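Structures given as C-alpha cells follow.
Heads up, the next two complexes both have chain A, just with different partners, chain B and then chain C.
This part shows the complex of A and B:
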C-alpha cells in the first residue's frame, strides 16, 4: 500500500466510524429514499385536483402531469442534496482536519517524510471517495424507490440521467468538503470551525439567490423553478454579479436539465464549469495549507 | 438567586468580550437590510411595469384602468423573516451550544460546581443570560428593521404597524431562545464537546428545513410554476370548492407542517405582518383569533426547551463521566 492510499483508506475508515456524520448520513439517505414517495403523493394529489376541476367543469386544459417522466420523482433529491448533502460534506470535512488538531496527530505525521500538501491531498481524496461511494449508494436507492413508485424497472436512459445527477452532486459537494477541511485547519476553536462554513453555506444557498432574483429564501426549498428574475436595472446588475456565486442555484439548474424538467431551459456548461471552478479553488486552498497552520492548537 | 444573577452577569460579560455576538448581530442585520432593499427594488420595478402598461393602454386609445400595485410596508419583511427563521435559528443553536462547550473546553465546570450553588442556579444563570441576549439583540434588530423600512423602503408606517412589529419581535425572541435552550440542553447531555452541537444541527435541519420542505412539496399548488390552479385557469373561489374534496390530504399535510415549530412561528409572524393575504390590513384581534394556536404551540416549544435546559443543567448531569 502506498502512502497516498494508506492515508486515503485511513480517512475513509475514520469517517465511516464516526457516529455523528453517520446521523446526518442516515437523514440524507432516508430523505433520498422518501423523496420518490413524497413525489408520488404530490402527483396523486395534483391528478386528483385536476380530475375534480374537470368534473366540476372548471377547466378545459389538459392535465399538466400527463405523460410525466419517471424522473419527476427524483426532483426532490436535488433539494436534499443542496440542504443535507452539502451540510454532511461540511461536517465530514471539518471533522477530518479537526480530528488531527485535537489528537495532535499532525505533529507526528509531519515528523515523517510526508509533506503537508501530500498529506492533505490524500485526506481530501479519501473524503472525495467517501462522498462518491455515498452518492453511488444513494443513486441506487433512488432508482430502486422510483421503480417501486412507478411499478416498473426504470429505463436505462432514465437511470443514466439519475446517475448523471449524482455525478453532478459529487462535483457540487466537493467544494463544501474542502470548505469544511479549510475551516477545520484555520479556525481557532471547534465551534467556529463548524460555524464558519455553515454561515458561508447559508449565504450561498439562501442569500445570494435573493439578491439576484428576489426569490424568497423558503421558496428555494421547492423543487419547482421559481418565476424568472425581473429584468430591470437592479436585478440585471445584481444577478450578473451573484449568479455565478450561487452554487446551489447552479446545481439546481443543471440538475433540472439532467432530469429533463420541461420548465428548465439553457445549457449545462456554465453551471458545471462554475461548480468545477469552486471545487478546484477549494481543493487548492486545502492543499496549500502551511505546516505551521496544521500544527496550531485549538482554543477550546 | 444571587448566584444565578452572578452567573448570568458573567455570561453577558463573556459575550460582550467575544466577537461572536457582534458578528451574529451584524450578519442578521445585513441579511434583513438586504431583503428589504431587494423587496423595495422589486416593488419599484412593479410600479415601473404598471406605468409602462398604462402608457401602452393610452397609446392604444384605451380608457380602461388597471389597479396600481399597492405597497404594504410590512410585507417587505418576508425575506427578512425567513432569514430569521432559518439563519437566526442556526445562530441560536450555535450560541446555545457554545454556552456549555466553552466551559467544557476551558475545564471550568468542575471549578464552578465546587462552589455552593443551588441545584438549578447554573442552568438558570445561563437561561437568564440567553434570554437577555436575545431580547436585546432582537430589540436592536427590529429598530434596524424599522429604520430600513422608513429609509430604504420609503414605507410610511402607522401606529398599528409598530405594534405588529413589536408582536413579531416578541415571537422571534421566543423562537430564538427556544433554539438556544435546545442546543444548550443537547450540549449538556452530550459527553463529547462537538456531539451536542452536531445533534442540535441535525435537529435544526429536520425541524427548520426538512419538515417545512415536505409540507411545501405536498402542496398541489406548488407543483407547477406559477401555481396549479393558475395553470388550470381556476380562480380563487372555485379553488376552495375543489380543495373541499381533499380535506383528508390537506389535513395530513397541515399536520406534517405543524410538527415543525418553525412553521408555527412562520404562520403567526406572517399573519401579523400581513404577508398572508387573508390577514393583510386586518385588526390584531382578528389575527390573534386566527393564529393563537400557532403562538401557543411556539410557547409550548419554549416552555419545553426551558424545562429541558433547567433539568439537564444540574451538577449531577454535567459532571458525569463517560462509562
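This part shows the complex of A and C:
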C-alpha cells in the first residue's frame, strides 16, 4: 500500500467510525430513500383533489400529474443535498483535520517523510472518495425508490440524469469538505472549528440568495431556484455580485436542468464552472497549509 | 572512535524577540542514552522539535548521523523515531490500525509482520484489536514507542516519556528504553524532569538553561565529579545555581 492510499484508507476508517458523521449519514440516506415516497404522497394528494374537482364538474382539463416525468420524484433530493449533504461534508471535513490536532498526531506524521501538502492532499482525496461512495449509494437508492413508486424500472436516460445529479452533488459538496478541513486546521478550539463553517454555509445558502434575488426565505427550500430579481435598483446591483457566490442556488439551478424540470431555463455551464472554481480554491487552500499551522495545539 | 549520532553547531532559535535556543553546541555519540535536563521553558522541546525536523532553526546547523537536518531532511526523517509528550492516537481505531497507519507512512515493508515483531519486543501482545480509547496512559506510551520504532530508526527522540505514568509504568518504560539501546543499538535522546529516572536510565546528560547548554558529560563522570552531592537532583541544582551566580 502506498502512503497516499494508506492515508485515504485511514481517512475512510476514521470517518465511518465517528458518531456525528454516522448520524448525519443515516439522516441523509434516510431522506434520500424517503424523497420518492414523499413525492408520491404529494402526487396522491393533488390527484385526490383533482379527482374530486373532476367529479364535481369544476374542471375539464386533464390531470397535470398524468404526464409527470419519473424524475419529478428526485426533485426533493436537491434540497436534501443542499441542507444535509453540505452539513455532512462540513462535519467530515472538520473532523478530518481536528482529529489530528485532538490526538496530537501531527508531530508523529510530520516527523516522518510526509509533507503537509502530500498528507492533506491525500486526506482530501480520502474524503472525496467517501463522499463519492456515499453519493453513489444514494443515487442507487434513489433510482430504486423511484422504480418502486412508479411501479416500473427507471429508464436508462432517466437513471443517467439521476447519476448526473449526484455527480453534480459531489462537485457541490467538495468545497464544503475543504471548508470544514480548513476550519479544523485554523480554528483555535473544536467548537469554533465546527461553528465557523456552519455559519459560512448558512450565509452562502440562505443569506446571499436573499441579497441577490429578493426571494422569500421559504422559497429557498424549494428545489427550483427563485426567478431573477426585477431589473434595476438594489437587487440588480447586488445580484451580479452575490449570485456566483450562492452555491446552493447554483446547484439547484443546474440540478433542475439535469432533472429536466420544465420551470428551469438557462445553461448548466456557469453553475458547474462556479462550483468547480470553489472546489479548486478550497482544495488549494487546504493543501497549501503550512507545517506550523498543522502542529498548532487546540485551546479546548 | 565512536561515531556521532547527534550534533549541533551554534544552533539558535528565536520566537520573535524571545530566544529559545542560544548558539547550542551539542554532540551525542552513537549508542548513548542521552538525557537532556532543564527547567520548564529551558528550550528542551524546541531542540527536539528542531532535531526531528518539525521546526526550522533561526541560525546554526544540526546533523543526525552525519546528515544535515536542513539539506537532507528526507534522509534524516527515515533514520529517526519520535515520541512527543502526551500523544493520544486515534481513539476510534485499534492498536494495530493505528500502528498500520504509521507503518505505511514510514514506508515499512510487510507492516503487519513488523508490527507483530515490535509488539512482541515491547512485551505488548494481546491488545491488537483493542481500541485506543480503552488504553491507559502507560499503554499509550508503549504504543507510542511502538510507532516510533516501526521503521527501525537509529536515533530515537523521547519528549518527557515518563510524564504522567505511575511507578510501574515508569519502571516498564525504563526497561524498554534500556533494551532498545542495548539490544537494538538505538541512540536515545530524551527530555525529562524525573532526575531519579535519568540516573537509572541515561548514560550521559546535558543541562539546558535559558536556551544555553551549561553542562554535558557522561553519567559516570558526572556522579564522580560532584562527590559532595548526594543525587543527580543535587548535582543539577548545584550546576544551575553555579551558572546563575
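By our rule, the second predicted complex is superposed on the first by the 284 of 300 C-alpha atoms of A that agree within 3 Å, B and C clash if a C-alpha of one lies under 4 Å from a C-alpha of the other, contacts with A are read in each partner's own complex, and residues count from 1 in each chain.
Here, a contact is a pair of C-beta atoms (placed from the backbone, for glycine too) under 8 Å apart; a residue touches a chain by one contact, two chains touch by 3 or more.
Every value quoted in this text rests on a predicted model; they were computed, and no experiment measured them.
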Subject >> chain C versus chain B, contacts on chain A by residue >> reply: B
**OP:** Would you check which partner chain A:266 touches, where first means chain B only, second means chain C only, and both and neither mean what they say?
**Re:** neither
Original post:
When the two structures are overlaid on chain A, which partner does A:110 contact: first (chain B), second (chain C), both, or neither?
Top reply: second
**OP:** Please work out whether A:56 is in contact with chain B alone, chain C alone, both, or neither, and reply first, second, both or neither.
**Re:** first
Original post:
Of the partners chain B and chain C, which touch A:24 in the superposed model: first, second, both, neither?
Top reply: first
Original post:
Who does A:84 touch here: chain B (first), chain C (second), both, or neither?
Top reply: first
**OP:** Mind working out whether A:295 is in touch with chain B, chain C, both or neither, as first, second, both or neither?
**Re:** second
Original post:
Which parts of chain A are touched by chain B and by chain C alike?
Top reply: none
Original post:
Residues of chain A touching chain B in their complex?
Top reply: 20, 23-24, 27, 31, 38-39, 41-43, 45-46, 48-50, 52-53, 56, 58-61, 64-65, 76, 79, 83-84, 87, 91, 95, 98, 189-191, 194-195, 198-199, 202, 206-207, 210-211, 214, 216-218, 221-227, 230, 232, 234-235, 263, 299-300
Original post:
Taking the complex as given, what residues does chain C use to touch chain A?
Top reply: 49, 52-55, 74, 77-78, 80, 82, 84, 86-93, 97, 100-102, 104-107, 147, 151
Subject >> Contact footprint of chain C on chain A as seen in their complex >> reply: 1-3, 6-7, 10, 13-14, 17-18, 99, 102-105, 107-114, 291-292, 295
**OP:** In the complex, go through chain B and note every residue touching chain A.
**Re:** 27, 31, 34-35, 38-39, 41-42, 44-45, 48, 78-79, 82-83, 85-87, 90, 94, 97-98, 101-102, 105-106, 193-195, 197-199, 201-202, 205-206, 209-210, 212-214, 216-218, 220, 222-226, 228, 231-234, 238, 241-243, 245-246, 249, 266
